[in-house]
Each structure stands twice: as C-alpha cells, then as structure tokens.
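Common to both upcoming complexes is subunit A, partnered first by subunit B, then by subunit C.
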Partner chain A sequence: MVERLTAGRAVARPSARRAARPAPSGPAPLLLRGLGVLAQRVALLAALLVAVFAAMEFLPGDAARASLGRGASAEAVAARSAELGLDQPLWIRFLRWMAGLPAGDLGVTSRGEPVAEVLGRHFPNTLLLGGLAFAVTVAAALALAGAAALRPSSALDRAISGTSTIVAALPEFVVASVLVLVLALWADLLPAVTVTAAGGGGPASAAMLVLPVLSLAVPQIGWNTRIVRAALADECTAPHVEAAVLDGLPPRRVLLRHVLPGALPAIAAGAATSVGMLLGGAVVVETIFNYPGVGSVLAGAVRDRDTPLVAGVVVATSVAVLAVLLAADLVRGWASVRRS
Partner chain B sequence: MELTRRRILATGGGLGAALLLSACGSGPRRAAAGATPPAGPPRPGGTLRVGAVGKASAVTRDPHGVQVNESDYLILALVHDALTVPGDRPNVAPRLAARWESDDLKRWRFTIAEGATFHDGTPVTGADVAWSLRRLRATPAGATRLPGVEAGGIRADGRDAVTLTSAYPNSEVPLLLRLTTFVLKEDTKDVARAPGTGPFRLESFRNGSARLVRNDSWHGGEVPLDAIEVRMFESPQAMANAMLTGQIDLASNVGAVAARTAEGRDGVQVIRRPDDMAMPIVMRTADGPFADERVRLALRLAVDREAMVRQVLSGYGAVANDVLGTGDPAYAKDIPQRARDLAQAERLLGQAGLDLSQTYELFTTEDIPGLAESATLFATQVREAGLNIKVVKQDPSVFWEKTWLKAPLYTTYWGTNDSVVFFAGKTLSSDAAQNEAGWKDPAFDAAYRKAVGAPDGARRADALRELQRLEHERSGYLLWGMADGVDLAAAGVGGLPRLPGYGRVQLERAWLSA
Partner chain C sequence: MRTVLRLVPAGLIAAIALVGPLLAPHAIDAPVAAPYALPGPGVPLGADELGRDVLSRLLAGGRDLLLTSLAVACAVTVAAAALGTAAALRPALGRLVERLADLMILLPAVLAVLLVVLSWRGGGRVALVTAAVVVSLPYAVRMVAGAAAPIAGSGYVEAAAAGGERLPQLIWREVLPNLRATLLVLLGLRFVAAVYVVTTAAFLEVGPEPPAADWALMVRENAPGILLNPWAVVVPSLAIGVLALSVQAAAEVLAPRPGRRAVTRL
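Here is the complex of A and B:
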C-alpha cells in the first residue's frame, strides 16, 4: 500500500518543488508529515499514561492491601507497599515505569509477575477477537451500504438504513445476551462460552469465536453501514459519477469503479473510529463469553489498583489503535492523491 | 440435621410467613438437594470438566499464597493434601494426617498417613510437613491462619509425624489445619510446579485453567476419575451457560441466580450445600450508637429474616439465629429462633434513647453476590421500626481498609460455617485478631476458654452451649440467614461434595455414570 501511495504522491507533486527540496527521495515530505503525526500521537499516549497513573492514584485503596488476604496485618501491608514501591511518590513511580518502556519493560504486577508476560498470554486473543470483528464489520458494512446504494430510496435501502440505525444504538452486552439465549441456549447451534483448550491459550475451537465476534461486530456494522451509505450518497452527486451513469455503465460497475474510490476516505475514517469501540466493547464481551482476552485482565487490574498492569494494557491497546489510525490516514492520503 | 432445623424454623417462623410465601407466587423453590438423582451406575474412569470462578488478573499458584480465585484453590486442593479436611460428623476428617493426639491440648502430634508419597514417588516426611507449615506461618496472613502456633512451635517428630505447640490449650488445632496446610517437599523452590501428595497430578496449567490426572498411588484410596479439567470462568453467568450447553459437567459454586434459571431443566442436577455462606450484619459494640445492648437487640428484632432469605438469596438458604457456625454438629438448635417483633424493637429503641431523627450509615461492598442487596433490604425493614439507615456501598479496597473492624454498622461474610468455636476464636473473643464488632465480654471469653480447653465431653458441650447463648443474646452480630452453596452438575455425574465452604473442592470421589 505504501508503494502505491508514494508512487501516486510523486506523480502528483510538481517536479519544481521536488527539485527545491534536497530530500533523498520523493516520498520524504509525506514521510515527514507521517512522522509528525506519529510523534503527536506518541505524545498523546504519554499524556494518557500520566492520566492513567494519576487516576489510579486517586482511586481509594491500594495494590498492597488488594494483593494480600483479608487477615493480613498492618505490618505485612506496609512491607508489601515498600516491596511494590508504593511508598514512593507518584511521579517517581511514573518516571521509573516510563524509563523501562522503550526497552519493552512494562514493570511487574502487584502479584509479582512481569506485566509483559500477562499481556503476552492475553493480548493476542483480544487482537484476534477484535481483528475478526473489524474484518466482519468492514465487509458487512460495505456490502449492506453498497446494496442500499444500488437502489436508492427502494424498500431495501429504507430497510437497511432503518435497521442499521437501531442496531448501532444497541450496547454489546444486549447483543451478546440475545445471541447466547437464541443461538446457544435455545437452538444449541453454537457454544455459549469460550473454554480454552487444555494446554493451549486460545479458544478450544473456532466455533467459540462466532458469538463473541458477532456481539462486537453487530453494533459497529450498524454504525459503519450508515457512514458508508452516506459517503456513497455524497459521492454519487459528483460530476464524474453522473457522467459515468450517463455513459450507460452498469450500476455495479459505477459503484465499484467510480463511487467507492471517492468515498473511501470517509469510509476509512469511520472504520478507524470503530477500532476504539471494538477494543472497548471487548472488555464487556470477553466477560460475558469468558473469552481469555485482555479485557478481563484490565477489569481485574483496576479492581486491584494494579497500576503497572493497567498502564501496560493501555499501552498495548493504544499501540493497536494507533496502528489502525495510521493505516486509515494512509488510505485517505492515497485516495485523495489518486483523485487530485 | 438440616431438615430438622428447617422444620423447626417452619413451625417457629409462623404461618404468616408461609402464607406470605405462597401469596407472592414466587416462593423459594424448596427442591431438596440433588432432587434429580444422578444416573448410575458409576463407571471407572472418564474426564470430569469442572468450572470454577476466577479472575485472570488474580491467578495464584502458590499453595500458601492468597487464593482469591476459586479455580486456583480447587486446583491446589486436588493436587496437594492439607493435613486435615472438612468432614460431616465430626467436622474434621483426616487427610495427609491420619490421626492426631494431645495430652494437654497445647502440644499436638499429627501422624502422617501410611504410604503417603509425593507425585514423584518420594515418601512424605515429618520434615516436609514442618517446613510447609512454617512456610504457611511466614505468609502475611500466617498469624491468622495458624492462630496461637508460632513458627518455633512447629517441629518434625521422627520420620512420620509433626508436632505443633499452641501458646494456649486449644482443642481446635486439628480444625485450624483444614484449609491451606498444603504440604510440599522440604526446601521446594518452584512452588507452582512442585509435586503434591493429592489425589490428582497436575498435567498442564495455563491462564488459570488446568488438566489434572489421577494419582494412582494416592494414600487416600481409590480415585474413580481418570482426569479432571478445571476451567476458569470470569463470571458465574458464563459458567452456568457453559454448563447448560454441555461445555462443562460441573459448575462449582455457581450461586442462586444461575440455579434459578437452571432449575427444572432436564439433565441438570441442582446441588444445594446448606450453611455455605454467612452474611451477618456487624453492629459495633465497643462504642458508637450500637454499643447499647438494647439497640442491637432492637435491630435483631426488626429484621424480617424470611424475607431476607427469600429475596436476597432467592430462597436458596435458611433463616439463622444470630449465632455463627450454623453447620457445626454442636450448633445449639434449642435456642429459640428469634422472630420479627417490630413493637418490641421500637420499645427497645425508645428505652435506649437512640436519636431516631438521625440517619445511620450501613457500609457494604459488592464482593459476593447478595451482600449489598442484603444491606439494602435490611435498611428498608428496619425503617419500619423507626430507625433510618442509609446504605453506603464501598469499593472492596476501601471497605476492607477503612470500614472492616472499625465502622459502627457494616456487612461482612464468612465461608467457614461448620464450627461455632472457629468464629468464637477468630471474631468474637476479646483478643481475637479479627474482632469485627469490637466485642469484649468476659463471660463469653470464659466460655470460649472452657470450650477450647476441654477435651470432648460434657464439660465442652456445656461450654459450647453457654458460648452460643451469650452470642445469641448480646454479641455484635445480626445473622439473619445462611446462603446455600449451589452447584450445577450434568445428570451423569455422581459422588459430588455435599459439604459447605471448602468442602466443595473434595472431588476425589466424584464419578461419571456408565
């Protein structure tokens, strides 16, 4: 994708400007701009981590008490606090934790396990769940909105638009509960919960992924269908599309070749916002389906006031979201270059 | 035992309650435990898939660590043997310790079961046991796990025995050894993978779930199952769904809400283990508004116990009588059941001169299902006696730090309910480390000392009765009811545990039907 993007960009740039800049290669300005955006977002992540540390600090209670039993003495709690470094000021703990970050050291949980190990066991499962849900979302939203756009104002268009509005407003846990009730408990078609294979870390069978993925994807499909449909409608009024229609090209061809490319930036932006929603929804959906992902870890870590673990989860999910946003930017850049 | 007590309650509770129950139309389902008999006959072998609740962030593999997760405790209890385990009658049964004796109730000698070996074949020695107990004693909560027994008082006594010396005469030492006295080899470094002595060997462990296979040379007798797969569930609801769709065979301690949805479904056994969980309301006796004995009695008379059991526990429980340790064979069933008497409660509040224009706070937390609900319902009930109570829900970390052992009025919960003396020593005697109500009663202390200082016999029985009478009369506890432990099992599973509390992990006799 990057190759196509840079190729397009090089063509679009006037050669005079290219000569004026002693850049080693053509795509440098774009690269610089990309790096700038990336730096901005990394700074945002750092600010987010400050907020996480501060929020955990302001929550009542601490990890020392939470990680010990209810019969633990005051001395034992104090000793544990010292061991976890909780007797240090907040900013020292934060800087120490941040210092390890570039080397991939995410610190140690309040139960003495490296945070990276906990994430290594759970985050890939969440990525799998979120990734599949994202793929299903994009595919379904494009198909539904495309079908609606082919026959504007038809019964099908109205049905899809109306349903997608309702579905977009459904919380994940409602979708999950209904799906479990109907497809697992009544019809007995799919497993109700995820159990991990003995000795393995992920779901024991692929069928176990179906309900969690659907629960996550359904509300996002509703949301994205509306966005894609609107973007397609906008693009349909463009002169080149009207020209294509007047040329008598078949509607499907007009949609795929002339409408869709122009609508792509808006579609990519919409899909990118869904990623945050998918990862957020995963916390709920993973609990309902007993899915061995990072959502349950996060919930437990907040409860236990386990700041390094919470921060670790935030870093992992943020990096995933940043990567998708970057990809969306690239798609938009590529699409706008192609148009101009 | 349970039936007789229920019958007493039914007659004592009055016709009014029964009418109310039927009038509501959704009375508690009183199906006896195990109404669906498991399909027999047992067959040797097979793999039992068991679900247990646990949090991914709290997984612990240290046998002497803090086991927040039921799944962790279940796995540890199947791989390792404690010295003693919960029993029916008496409430202490031998496990790794085959027998025990003491002349003065201070120096106890526990003899290791004959033929007890670790999973790698080496025999269990007194040195291994002593090392393990000392390791347990050295944990942050060690002093409350082995009360009265210092590390120096734990010694190997020959190859096959260990002696424990208590600072005071204590007939309950064998009972105190029931829970986490898991035995490892002396000087074990990697406790997570250390061989145990229990009925099952750990084959694999990942993310809180484990596969365990039978230990063919277990000292405790024949184990029917080939293997047990323990699967960790984040929530009881997910676990119940897994059970109902056949993904697991047993949902351990799944709770009343799940049981209600499963009740009446074909092929599902609902197993009720009475006296599983106590959720008493603690009224501080040392100072504050509830220091006056009459105020405490007024609250005990103002609560509607039947309604609490019906609404908070969905009927999966029984009314209690303000005495903790309801599952004890020595539980005083003859103390008259306290019933609701609003007029008397109002009179007592008036006599005590409590400021009724004020609102009093009742602190609670959502640690276990029903706890916060019990506080809310209690507050509305007590309002009818003219006392305004506001429920304050706290985050667990705040609750255990700031409220527990300190606040004038709060909810608490306890899972070991088959021993009256356990509570007397742990939460009621003046010098108890976890004296939740700040209660100091010389007469009670004397009765407690008499009870633990006496070997079995009439003297001990008298002391136990006196102890319970005083607790019923004036302690800081309002124990309105006892929650059942509720398990769900597939129709073909038998030999399942029926004991409350940690008795639920005893799966070594479980079998699958042919």
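Here is the complex of A and C:
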C-alpha cells in the first residue's frame, strides 16, 4: 500500500514537469509524446519479462519432472525436456518465446496446453472480478471523498478520513473472512463460495461475485478515498475555486464543476496504481472464494515450475496494468490540454 | 497526551504478541478437543481443524509475524536511507531507481514475493524477508530521495562536497541527520506494508510451515471449517487487522507536520 503512496506521487510528477514546459501547440506533439510514453512502458514490460524468466530459472525442480510425476525414469525426463525445449540455453528459449508474443503465441505449458488457451479460459474471470472491484472502488472513493470535502473538518470528514486510512492497511483475506462471517454466516445474505457455472467459465450466479469484489475493493476504497480527498483539498485552494465560492455558487456545484475537473489527473493516477494491487489481491481472494480466475492458475503454475504459464500470467496482468496506466496518462493529458 | 494515547494500541498488541507464547494454556500442536469444536470450557475460542486450542495458537502465532515484519521494515528503512540519499546526491543512481520503481508498478508485489520465495529453496524466513525488502525498496528509496533532494541541493552540502567530503560522509553526516522525521514515518509505513506482505505470503503458504502457529496460516487452514467454528478463522483475521490498524495509527501520529503533509499529499 505504501508503494502506491509513493508511486502516486511519482506518477504525479510528470504532470508537474509538463506544467513547467510551454503548453503543446497542437495534437501532433501530444501524440508524439504519447508514443514515447508507450514505447517506454513497453520496454519496461520486456525488462520485467527478462526478470521473471531469470527468477523462474532459479526455481528448484524443473517443468519436465513436475509434469511427469515422481516415478519417471531419467530417459523419460530427458525426452520430455527435449520436447519442451528445456535443453536449450535460457536465452534461446526466451528469444523464441518473445518472438511468438506479437502473434499472441505465449508458448505451451509444461502439461502441453497452449498458454493462451489457459489464460483465455481464466483471465476473463479475473478481469471481471478486478474490473468490478475497480469500478466499485472508484465510485465509492469519489462519493466518500466528495461527501467529506463538502464539509471540511466536520465530524463526517474526520470519520471518513480516519476510517479510510485505517481500512487501507488491511490485507484482503482479513476483510474477506470478516465479510464471510457477517454477510454469509450471520446475515445469510450471500453465498460464501463460488460455484462455477455448468457450461464452464464464470461463476454460476451474480451473487457469488459480491463478496470477492467487496473483499478486493474495501482496502482499495480506503486507499483511493484518501487520494481523492487530498486531491480535492489541493484543488480547493485554486483561485478559480475561490472565485466560484465568492460568486455564491452552491457547494455541490462548485465541487462537481470547478474542483473535480482540476483534481482529475491526480485521482486518475491514484486509481491507476490500485490496479496492480487489485490483480495481486485477486490471487488471494480467488483462493478464499474458490473463484475460477487466473490467481488459482498462477498458484498452480508456480508449484509446477511452469515458466511459460507464469510468464503468461505476468504478461496478462502487466498488460492490464499498462492499459490502465496509459488510460490515466490520457486522462491527465486531456485534463491539462483542456485547462491550458 | 493524545499522541501517547494513539500509540497505546500498537504497544499493547505488540506486547501481547511478544509475550503471548508464554501465556498459551495448551500446547500449540496437540489436540485438546474435537476438530472445529465450538467454544466451551477450557477452550474459550473453540478448536481448529485438528482439534487444537485456537486461543493457544492465537497467543503463540503473533510473535514471528511481528518480528519478521519489524525486520523487513528496519531493513527497508536503513537501505532506503542510504540509497535514497545517495540517489539524491548522484543523479545517475536516482534515474536507475526511478526505472526500477516504474518496473515494480507492473508486477504485483504478491507475485514478486511468490517468485522469490519459491525460487530460493530452503530459504524460509530469510527468503521471505529478502523478497519483501526487494519488492518495497525501490519505492522507499524514491520516497527518501524525494525528501533528500532539497537538502542535497542546498548550499551547505555543496560546500561540504567542495571541502572534500566523500559520498558516505555526505550521506551520513550532512544529509541523513536532517531526514530523521521522514525516516521515522517511513519505518511506520513500511511496517504496515510488511505486515501485509508477510501475512499474505503466509496465507498463500509460502511462509511458515505447518504445524507452526501463525495468524495468517490459521486463517488459511481453518477456512474450510468456517461454518463449524467461525472463531478459528475470524479471531486470527481480527488479530492481523488490529495489528495493521494500530501500527498505521501510530505511524500517523509519529509523522511530524511536514512529513505528514508529504505523505497525505502524495
């Protein structure tokens, strides 16, 4: 959680740098800069994959043995190694894997199944879970921080600010077990585990999503409420907001029309840094609720030393994080162009 | 006075976690009741999946968690103090740290910890601490570097550098003494983050091994029986929650005005 705190600040830093520079003269420089940011982020992704491949290489045991079971003979293991390409040097395997990436080929798991297929089956479920949690997080954080900002220093403001700080520190599984106790066992309102639908794929009913989504979202709501509240407080000191207040506009209108647009870049940057936490937390939450997502796949893949599958999960989650970071960049760019 | 009051919960739970193992009424690994028995005489919180006393395991299960988290927090703070100050004094190092921190945004911390701990055979608690430190270091360094930058650029540090002081001396004697407040806040925040990482790792079964009593492991082990004896799951959860909350509250109180601003402002 503290990462996001400092990360948020760093994400906010380019906008400060941008403000110091002369405003872009037209859409072309903006586009160029956008492409530059994209290229930098993709380079980061490649560096991350190198790191993951290297880490997997240090894992004890190997995929050939793990996929054959305990009693396999030395010849069978060697044959399986050759079949999986494990006898090749690491860098050749890595380059080969990277070459297939643009075509959507993520390699084959140690059990012989295409990684892309495994991800295709499970990742949409995780995206659904994470996406819903993200939406709930943003909506709740905006509403809570907005309510607090309308009455600064009131009891409500102090209650919201204090609670959000504290909730942000809770691990997801702590939230989950308390929610299960209260909402599933005592109140008997919601199912405590996810049952996969008969046709495969997602959870059998929408009610089964409520507890996993809440478990993921609650700590993030705490975190983002804090960011939004701070961004709103910051923006409240701007001259145009003061002018709007002196003009006698109703507080709600000042908040929505004059404070919120200015605070949007900081809010977007903060929300974007929550995405990594949501996807990381999904590993835990999916385990608790037996949810058929990529988190459970990851746990199994690490146990099996299945490098391509772990790398595939990393690619999928990183691309999702990248997409949201880029969206946050766009929001920031749009907001700064609009203001200048 | 209010400051002291808000430090009390953190002190209290730390004390309970540290002395807890001595207070446990039963052995942590011997069955004393039926599996998932409800609270009754002699077992105030009931029994767990193997019929072991939940209260005894609860009392025993906090110390290692607390000490591991503390070790992570201290290691990160000390390393970040040295590296962050160096990064503020040497821009090339600063840029490297920025890139590393950018990289970590793409990789969820839980996944990074899983990778490191699993790839280090027999690493045990050392591997976990190392992974947690590695995961959080780039951000912590960036935070210190941000706080150290104005000091590094000030005249007296330049004068000291011109006077022939070398990098370690500059860090140790000139810059760090001015960052005490920031470092104290960093320590508190890193402790909260470490509790998150250490408990989540234990929950995902890459930390303490059964039959060790560990709050996070207790949650994981007893989750299937939550319908039978909810206390075996909920009480260790609450213990972790209270620990995280009280340390978070303490970190906020310790933050001096400017530091607190740097933190809430992001």
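Quick note on the criterion: the second predicted complex is superposed on the first by the 314 of 340 C-alpha atoms of A that agree within 3 Å, B and C clash if a C-alpha of one lies under 4 Å from a C-alpha of the other, contacts with A are read in each partner's own complex, and residues count from 1 in each chain.
Quick note on the criterion: contacts are C-beta pairs under 8 Å (C-beta built on N, C-alpha and C of every residue); 3 or more make two chains touch, one makes a residue touch a chain.
In this text, all values refer to a predicted model and were calculated from it rather than measured experimentally.
Model built by superposing both complexes on subunit A: subunit B and subunit C clash. Of the two partner chains, neither subunit B nor subunit C is touched by A:A217.
Once the two complexes are laid over each other on the shared chain, residue contacts for A:T287 go to subunit B and to subunit C alike. By the touch criterion defined above, A:A268 lies against neither subunit B nor subunit C after alignment on the C-alpha atoms of chain A.
Judged by the touch definition given at the top, the superposed model places A:V297 against subunit B, while subunit C stays out of reach. Of the two partner chains, neither subunit B nor subunit C is touched by A:V315.
Once the two complexes are laid over each other on the shared chain, residue contacts for A:D188 go to subunit B alone; subunit C is not touched.
Of the two partners subunit B and subunit C, it is C that touches the larger number of subunit A residues. By the touch criterion defined above, A:A149 reaches neither subunit B nor subunit C. In the superposition on chain A, A:M277 makes contact with subunit C only, not with subunit B. In the superposition on chain A, A:H122 makes contact with subunit B only, while subunit C stays out of contact range. One listed stretch of subunit B collides with subunit C once both complexes sit on chain A; from 21-29, 165-173 or 435-443, that stretch is 21-29. Common to the subunit B and subunit C interfaces on subunit A are residues 59-60, 180, 185, 192, 287-288, 299, 303. Subunit C makes touch with subunit A in their complex at residues 98-99, 101-111, 114-116, 118-121, 136, 139-140, 142-143, 146, 189-190, 192-193, 195-196, 199-200, 203-204, 216, 219-220, 223, 226-227, 230, 233-234, 237-238, 240-241, 244-245, 247-249, 252, 263-266.
Within the complex formed with subunit B, the subunit A residues making contact are 59-62, 65-73, 76-77, 79-80, 109, 111, 118, 121-122, 180, 184-185, 188, 191-193, 195-196, 198-201, 286-290, 292, 296-297, 299-301, 303-306, 309. The touching residues of subunit B, counted against subunit A in their complex, run 55-58, 60, 66, 140-141, 143-145, 203-204, 206-207, 209, 211, 229, 231, 233-235, 237-239, 241-242, 244-245, 247-248, 395-398, 400-402, 404, 433-434. The part of subunit A that touches subunit C in the complex is made up of residues 1-3, 5-10, 12, 44-45, 47-48, 51-52, 55-56, 58-60, 165-166, 168-174, 177-178, 180-181, 185, 192, 226-227, 230, 234, 266, 270, 273, 276-277, 279-281, 283-284, 287-288, 298-299, 302-303, 310, 313-314, 317-318, 321-322, 325.
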